[in-house]
Structures are given as C-alpha cells and as structure tokens.
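So, here's a batch of structures to check.
Note that chain A is present in both complexes that follow, paired respectively with chain B and with chain C.
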Partner chain A sequence: MSVDAVLSVEGLAVRYGPRTVLDGVSFDVPRGTVFALLGRNGTGKSSLVRCALGQQKPTRGATRLFGEDAWASRPRAMARIGVVPEEPDAPPDMTAAELLAFCAPLYETWDDAAARARLERSAVPLRAPFGTLSKGQKGAVMLALALAAAPELLILDDPTLGLDAVARRALYDELIGDLADRGTTALVTTHDLDGIEPIADRVAVLHGSRLVANEGLDALKARFRRVRCTGMAGPTSWEPFEPIATVEKDWGREAVVTNFTEERRAAFVARAGGSDVEVAALSLEEIFLALVGTAGARS
Partner chain B sequence: MSAVLGIARREVHERRFLLAAAAVLGLGAAILRIVPSAWAKELGESLTLLLVLAFPAGAALAVGSSLIGRDLAERRLSFYFSRPLSAGALWAGKFLGGAALVAGAFLCCYVPMVLSWLRDGVSVEPQAGGYLLLGFLGLMGLAHVVITMYRSGSRLFALDLCFGAAFVGLLAVEVRHLTAAGAGYSLFHVLGPAALPAAAIATVVAAAAQFVHGGADARRGHRALSVAVWMLAFTALGSVALWGRWVLAVTPAEVGGAGELVVAGPRGSAVFFMGSSLKGRAGFRPVFLMDGQSGSYVRLPAERVTLPAFTADGGMAVWVAPSVSWWWYAAPFPREVMSFTGPGYGAGLAVARLKGGAPAIEERPLEQPDSAATALAVSAEGQQALVSGRSSVSLVDTASGRLLERLPLADVMAGDFLPGGVRLYVKEVDSSGRGAFVVLDWSPNSGARVERARVPGDSRRLWLLARRGDQAVVWMGGRGRLLVDAGRGTTLTLDSGSSDRPGTAVVLASGQVAMSLADEVRVVTREADVLARLPIEPGMHVYALGETAPGELAVGLWTRSLDERRTLFFDAATGAMRREEPGLIPATPGGGMRPQPEPGSFASRLFVESGGKLVALGPDGRRRTLVPTGP
Partner chain C sequence: MLRIDPRDALPIWKQIEDGLRRMVGTGGLRPGRPVPSVRDLARELRVNPMTVSKAYQRLAEAGVLVVRRGEGTFVADGPPPLTRAERTRTMREAAARYVSLAVTMGVSRDEAASEVASAWDGTLRSREGER
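Our next item is the complex of A and B:
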C-alpha cells in the first residue's frame, strides 16, 4: 500500500458461488487523484466498489480506506467519504430537503448551504419526493449529498448511467468544480470514457476478473499508440513494439502497440525500409477497446 | 442516538398509513358498538376480533417482512450504509421504528375496543394486551427472519427450511409429550407468556447478529441470521425439553401434599390423590397414584383421571381417561380443573395393576363411549368394568375397551358386581323434578332387570351417603336418612329429622349404621334402634366417618382452625371414646359412590394432617408419613 493512498485494494477476490468476479485485484488510489476504474459490464466494478465502501466482505484480500480495513471501519470511514451510487438509492418518499435534514447531523463537516445551492443550480425541487424526480435530478441530489460533507474521497459508481447529455455535462461540471476547489480524491467507475478522460489522472481496467491496466492516464496514452505500416515491403514482425491488436489490410498493416517510445519508433522505421510508418495517439476509449477486446483478453 | 431516532422516524413516516388505517378501523368499530342499533352492534362485534387480532397481526407481518430483508436483498439499504451509521444503529432504528408501528397499530385497534368493552361491562384481563402486543412483536421479528432468509437468494435457505421443519417437528413432539402428561396448562399459560417476549427478543437479537456480522451483505447477513436463529431456537427447544422434564418430575410435597379428594381401594395399598397447591412446578398439579407400602408413585394428568374403581382385592384400578387435545390447554379459559372430573369426552379406559411398587398403567380406547363417563365398579377378576355415562350404563371388557352390553339408563350413581350381574343405584328424575332412589339388579347376559328397592322423593335432595353389601344409606331431604336393604327389599327411616344437610354416614361391618346429624353422631342398628349418641361440640363439623378397625368408629372433625381439626375414635357399640388424634382428619371421606374401605384396611387408616401431609395410622396409633407437606 502506498503511504499516500486514500484507498488501497489488496489481492481482492470476490466469488459468488462458483462464479469468480474478482481475482487478485490490487491497486492504490493516491490522494488527490481522480481514479477511473473501467471495465465492461459484469467485470466486478460494483462488487469492488461495495468492498471499497465496506458494504461487502471480500472472499479474499482486503480493501483499506485511509489505512483501515474498510469492512471493519466502515462507519468511521464513511464520515470522510461521499458516495454516488449506480442507482440513486435514497428512500423514494423523502424529499430533497428531508434528505438533507437526515444527513446533516451525521457529518461534522456538513455544508448545508452549499448543498442547497447545488440543488438549486440543478433545478431540483426541494419539496418533491425523491421517487418522483427525474433520473438527472436524482443524480444531482445524490451528488449534492455526497459533496455536502466535503469528503476526502468521493466514490462514484457509474454516476452518468442513464443520464442525457445535459445532465451528464451538469454532473461533470459540479464534479470538476469540487475537484478543482478542494482537490478531492475520486474513484469513478464509468462507461462514459469520453466524459471521464478530461478529468481522470489515473486509469485501471478490469477484464476477466483481473486488473489488466493500472497507471496514470498520460503514461497510458503515451505507451498506447496506433502504428500503421503502408506498402507491402515492410517488416513481417512488429518488433520492437508489442502489439495487442493487429489487422492486415490491402494497403498494409495496422496495430495497437502498448510500449510505444520514440526510440522504438525510430528502430521500427529503420526496419521498415521503404514502407511508410504512421503513428497516431489513441483516445481512452480506443485504449480501453484494445485492452478488453480479443487481444486484451489474450494479454 | 439521533441517527437511531431519525431512522425509526423514517420507518414510521414511510408506513404511516398503517397507523391511520388502524385508528380509523378501531374508532369505527368502537362507534358501531356504541350506536344503539342491533346491526351496528353486531357489525362492531365482528370487527372487534378482526381488529384486535387480525389487523395488528397483518400489520406485524407486513412491517416485519418489509423492514430490512427485502431492502437488503435489493440493495436498497446502501443509502444508509453509505453514511457514517453503524450497523447497530441502523438495526436499532429499523426495529425501533417497526416496533413503534406495530405497537401503534395495535393500540389504535385495541384501546377503543377495550374502552367499548369496559363500557359494556365486559372485564378485560389487564395483562392480555401486553401478551398480545408481545405476540405481535414476535410475529414481526419472525416475518423479518423468514423474509430475510428467503430474499437473500442463498442456497442456505433450503437448509433453513430443513432446520425449520426439524424445529417444528421437535417442538410438536415436546408439546405432545407435555400435554399428554397433563402439563399443558404449564406449557401454554406459564411458559407461553414467558416464551412470547423471549421469542420476540430472540428474533431481534438474531437480526442484530445479522446486521453486525453481515452489514449490507445480504448473504453474509443471512448466514449470521441463520446461525443465530437456529442456535437460539434449538437452545430454547432444549431448554423447553429440560424445563418439561423438571416440571413433570413434580413431587407430591411440592403441590401441597394430599390436598384434595383422596381415593383408595377397599383393600390393598394404592391411593390416588392430588395436591392442594396450584403452584407446584410451574402450576403443574398431576394426580398421583401411589403405592402406600413402598411409597413409589406415578403421575397422571389430572384432566385425564376420573373417579377410579377398584377390584375387591385392590389389585387393579380402572378409570375413564377422557381425551384432552393440546388446544384445550392452549385455550385462554380460566383453569377450572377439579380432581377426578375431567371433561368427559373421547374417552379411553385406563387400567392400573397395583401389585406393589410403582403401578403399571395401560390404556385402551373405549368403544362407543358415552359422554361424562365414569367407572363405577370392576369385577372381582378385573375382566369387566361397569361404566356409567350421561345416558347409559355399560359393561366393558377391561382388556380391550370393547363394549359388552349397554343399558340406556341415566343418573346411575353407583354400581357393584354381583354373581351373574350387576347392582345399580339410580337416581330417577322425572320432568317435574320428582324422582326416586332405585336399586336395580341387571343381568347383562339375559337383559333382565329386577328392581330391588324404590324410594320416591325430591330428586334435587337425594344423596347416597354410604353402602356396604345390600345396605345403602340415603339422605332424602325432608324424609331424613333411610336405610335401604336391597337384599330384603326393605326401607327403614333412620332419622325423621328434616335436616338441610345430608351429612355423612358409614355402614359398619356389623351392619350397624353411624351417621352425622346436626349436633351429634348417632349409631343405630339395622332396625333403627339407637345404640349410641356422640355429641359434637358447637362449631365443629363432621367431615367424615370411618371404621378404622372392626367396631371402631372414627369421627373426623373439621373446623376452619387448623389446630382444632382432629379425629375421635369411639367404640361403635357403646359410644365410649377410645382416643383422639389431634390434627388428623380421615383422608377418604367416603360417600356412597364407592364401596367403603374394609375395616383395618390401608384405606381405612389413611389420614391427612393439616398442611397436606398424608399419613397412614397404624393399629398402635403410630403415624407413618406417606406424603410430606410441601415446602
């Protein structure tokens, strides 16, 4: 565990009967980072979040919040954590005002005015039962509740699921504003890769119950490149690159490589002879697709 | 604490319609009972049961099943688990809210009902509401447990079902065992009220274990819940079994010795008795059948023992054992169990072999039993029993319970086996209340009936006081006491006084008769000549007369003062007092229903000391304690 980690996941395994959802997953969420946890549906993101929140005891391994076992210290840790769940889970008959009133005494750092201001910005009626709100409004309420306690760690489990573009934008705006103001650490699981890419510092990808990537987004984007080799006279192998997805076309070949550096590019160009070599940067989504696609599974 | 109250308030707020519905229904039913209209009152009465039992029960089930289990399984509790709330606080808040809802719904229904009952002059047990509320809270906990187990989606639920079935099965066995032994009252009315809060607490404790160990993890919580529930349930079951063994092992001393009617055979050393105290062990008060020589005894369920009949040698006792279902004990009726009465339906025939040592008892079903059946007599060899019922008298095979012959004859007070037949002592009653005392010889084989004696009189003032052989002493109200000799077919007036009380009498082995009058005991010959008059001091009542040895008349004197009770022994022929036994009164007061003990027999020398100590008086006057007094 890193000394400065707010959340540490150590050899986490979760099994439901014979089905292994997570197996030996380890990573740290350093303080002050926005940590994007990516993965396809059913890869155990929500199970991992529940373990991280101390709501589920893992089959093996542990999750630590602020250095303490999450399962054992959940109530204490929750005072320092804000949570936006995948499905807004507030009692449906409570109004936003009642939710604020219920939560306020539970936190020492509760900022009721800020929470009300956020709800006002999101045009959430304070007196309407939670169950009658739109999906976007529910999300806004959950985010307002999560941020009102000025948490040290914000855990967002697919917060944009089912939101329209405007609601998604509003949520990210609120989130970015809070992150910029207070430098809150955030763990975000999401399928909205375009949305998370601008704010994520670090990315972890779950695939096949295991972690297949865990590094800073910049580093990830630096080493993952698309390399295109046109003309048929080029080298038959991709050395010194490590390709994870390759295609053969009539105009030549293309690969996503995981260890791109300028030195390797120079070496590959030298080997390519008369062929043209083009190198393109990848978006987070393209990297994710490359990792969890067939090649990713093989890796 | 504020978090707990906040969650509890949430629970109440979320289901506030339950309270509103209960209040509306409760007030509505109460108002209907007050409205001076027959149909409204009837409707109100019908609603009462629904409201007092069904609605709160439904509310308890609804609240218990939706309190935690469903939300936990559907992960709807994550909102609370994402807050700085301990599992204990969440559990406490949820259950506090649930309990408040159930209690509120119950009180909304119950209070208007009680007020309307009190207005109508109906008495209401003060603790009944408390027990009902505890029952409903237990029901809420039970619903929580079952729904949580079911909704967890775990395969453990199948194991829960197996444990549940085993628990119910074992509990049924234990209930059957205790009710069959006659401890049903103790089970349902002593242990039951204590078990209700225990069950309610157990379910709440199990839910606490579930939350503390499982938190938001439904399956992990289910495991904790199952372990807690079944550990508590089977521990409780084991405790009930041990408690049952302890209750059933009650000793005569613990139920106040020989407090009520004592029945002993004309010969032999067997004696039936019942304690005077209802406390004993958890209120269990059996009938004891004791061998007076060895002191060994068996316990019989009081509700299943009617007045026994003995063979002439005292080697066998037979009694009708009515069937008593477990629900008879569970029903919330006041306990009015009298010794040797029994409810008198669905009867079996119990046969006890009394050959010294612990009596061996067998039971067989009675073929076509009449209602209110009682054994009157057993043949000398013990092969046949004479059983009277509300409308007939039957001859029954004691080995099988098979009906041999039946005579449609009501109000048979006593009977004896004679060579070739039976003698019946009958109180005939006509529709005007007039009646007669009739002695009838019946030959079951031929069906012949021969009337040996008939004494007309007022059926409401007709008591059979004593009988021996052909002689019977009958009190006929204003006609006084009569000596009926069935052998000779004669009736002789023994005293012509118009006593309001039947008193007691004994036919001595010599054929003379001793009888208690208002202020004396009179001994007369079979021709009604007075042999002796034994004056009784004012304030004393003759409780029993007996013949402890041939020619020795024992007069048991009873008074409210324990210290003054005593038995005087007289020479029956001369009236000379031989001795006095202070503190003793005869244990078997006699009466004409059963044959008198033989002079000098064990039964004739049984006495009860003040406080319930049963003693056998030796010929030398030495007292041998059979049953010590209670603690």
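Our next item is the complex of A and C:
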C-alpha cells in the first residue's frame, strides 16, 4: 500500500457459498481524494464497503484503515470515520436532536454547532422522530452526524439513492462545503455518475467481481474517446487504438477506444483513407457504460 | 457566466481556467475586482473545490489573478506580465487546439480564419461596451 493511503484494499475476495462477489480487488484511497467506486447493482460494492468498515471478514485478502487491518482494529478506526449508509439506520423513535446528543460524547472532535447548522440548511425538524422524516431528511441527518465528528475518512454508500433533485443538490452542497473546509478524504459509491463526475478525482469500476478501471478521473477521461468512421472503405482494423464496445452500422462503424492520444489519432486518420473520422470525448457515464458492456443498448 | 461541460475533452480545471481567462479578456471580470471564493465557485459549479483551486493557482501564476492574503483573490490590475516566449507558446497552443477542432469538423482554412477575425471584433466590441 502507498504511504499516505487512508484506506487500502489488498487482494480482496468475497464469496457467498459458490458465488464469487469480489475476486482479487486491490486499490488505495489516498488522503485528500474523493474516490468514486462504481459498479452495477450486485457487483459487490456494498460487500466491499462492509469489508472496508471491518463489518465483514473477507474470504481472502484484507482492507486496511489508516494502515491497520480493518477487521482487527474496527473500534479504533471507527472514531476516525464518518459513514452514511445506503439505508439510513438510526432508531426510528429518536429525534435529530436526541441523535446529536447521543453521538456527541462519543467523539473528541464533535462540532455540535456545525451539525445543527447543517440540519437547519436542509430544513430538518430537530424534534420530529427519525422514522417520520422524508428520505432526503434522513440522508441529511446521517450526513450531519457523519460530518460533525470531522472524520478523516467519509464513506458515502449510494448517498443520492431515492433523493429528489433538491435533496441531491443539498447533499452535494454539504459535501463540497466540507471538502473546501477540511480537504476531506471520501469514498463514494453511487449510480449518480453525472453528479459525482465533477467532484470525484479518482474512479474505480467494479465489473464481473474485478476492477476494470482504477485511476485518476482526468487520466481516465483523457484516454477514452468515441471514434466514428463514416464513408465508403474504412480501415479494416482499429489499430493503433484499442477498441471496446464496437458497433457496425450501414453508415460505417464506431468504437469506444481506451488508449486515445493525439498521436494515435493522427496515425489512425492516416490509415483511414477515404472515410471520415470523428472523435468525441465521453462523460463518465458514457465511459462507465462502455466499460460494463452495455454500450450496445444505446439508441 | 462560467459553464463547465463534462463532455468537453478538456479537464474541468482547464475549462474553469480558460473560462475565467476569457471573462477577463472580454472585460466581464474587470481589473482589480474580486473573484468568487474557491468554496463559493465550487458550490455554484458543483465541482470539487480542489479543481477550482488548481485553476485559480494557475491563473495566479500566469499573472491573470492576484491573491491577497486574508482578503481574497482578485483580477490583476494590468495585463499579465508574460515574457515574449511565454506569450508565443500560449498563443501557439491555443491556435493548435482551435485548428485541430476546425480540421476535425472539416472546416476550411478560410472559414477558420474568418471565425478568428469575427471573434476578435466581437471581443473588442464587448470590451468597449463594458467601459
């Protein structure tokens, strides 16, 4: 693992009976980064998060928090981590005010005023039982509780799931504010790729129980392009590009290439002869679709 | 107005850098005036504050913005003090980007040159208008 990794995942494998969910997954979350962990439903994101939190013992491999084994050092590490779980899991009859009062003495770094200010901005009633709050309000309470302790690592497990546009915006506002104030390290699993794209600086993609990408977002976006060849006779191969998600149509063909550079573009255009070559950059969502193999379903 | 486009081939920090440079160039951001704080601009654009910070840092190094400790970040009073070599390099890079875009779209050399001329006139006009 690298020296300044807050979380290190090393050769992680998780099996449930005969079913392999994760197989040899390794990555580091360096301090100060926003790390987006992406994957379709059922690709092991939640298992990975549980292993990272020391809540689940992996079949093989290990996860390290602040350099220590997560499974063995869970109680110590938990004081330095803020978690917003996929399903808000506070007792339904406790109010937000009672939850703050309950959590405050557990953390030396607790900032009660900041937590109350966050709840006020998200219009969460302090005296209403947690169970009666809306999905967005519950998420806001969990985030306020997580951030109040100024955690060294913030883990957000699909934080925008089921939120409307207003609640989603409020959540990103709070996250961005905390990033600006503290340079927080965050691990985020999400399906809201358009929302996380401008915030994440590293991206890992889980597919078929393995990582199919793990790199800086700028680097990922620099090497992926959609290349389209139209016209009569095109080149017979995509060389020197490495294509995935290739499509053949009457008008020509297109592919998402994973090793784009301006030099390779020039070499490809030179080989393309009479056909027109169009090159387009891709959003994170388009890259994700190409990587997990559903680009063909695009209309 | 600063906009970012995730489908643009340029990284977001570069889009912010270019956008602010353009706003200074067209007079939309006047010399000596403050620019938004990193935190405020990050929230407005919904981007990572580090990304805004990187753009500001590069613009400060280029002399487009000045950082006054404890006060904030401001548009520099004069044009950025570039060396001749830096100015040439910056212009060439921007020209190469523009030309490769034009070539990709099958635009002719004359058409591309005339777009530059009309953008030049438009920019000068909007600067006059601001004054």
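Basically, the second predicted complex is superposed on the first by the 293 of 299 C-alpha atoms of A that agree within 3 Å, B and C clash if a C-alpha of one lies under 4 Å from a C-alpha of the other, contacts with A are read in each partner's own complex, and residues count from 1 in each chain.
The rule is simple: a residue touches a chain if its C-beta (ideal position, glycine included) is under 8 Å from a C-beta of that chain, and two chains touch if they have at least 3 such contacts.
Model, not experiment: these values are computed from the prediction.
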item: Chain B versus chain C as contact partner of A:Glu120, first or second or both or neither; value: neither
item: Touching partner for A:Gly54 - first (chain B), second (chain C), both, neither; value: first
item: First, second, both or neither for A:Pro91, with chain B first and chain C second; value: first
item: Partner chain(s) touched by A:Ala200 [first = chain B, second = chain C, both, neither]; value: second
item: Touched partner set for A:Tyr172, first chain B, second chain C, both or neither; value: second
item: Of chain B, residues touching chain A in the complex; value: 2-3, 6, 10, 13-14, 75-76, 78-79, 81-87, 89, 155, 215-217, 220
item: Interface residues, chain A side, partner chain C - complex; value: 32, 34, 169, 172-173, 176-177, 179-181, 183, 194-195, 197-201, 218, 221-222, 225, 262, 276, 278-284
item: Complex contact set, residues of chain C against chain A; value: 4, 6-9, 11-12, 38-39, 42-43, 45-51, 100, 104, 106
item: Chain A residues touching chain B - in the complex, by the definition given at the top; value: 17, 50, 53-57, 71, 74-76, 78-79, 81, 83, 85, 87, 89-91, 93-94, 102-103, 105-107
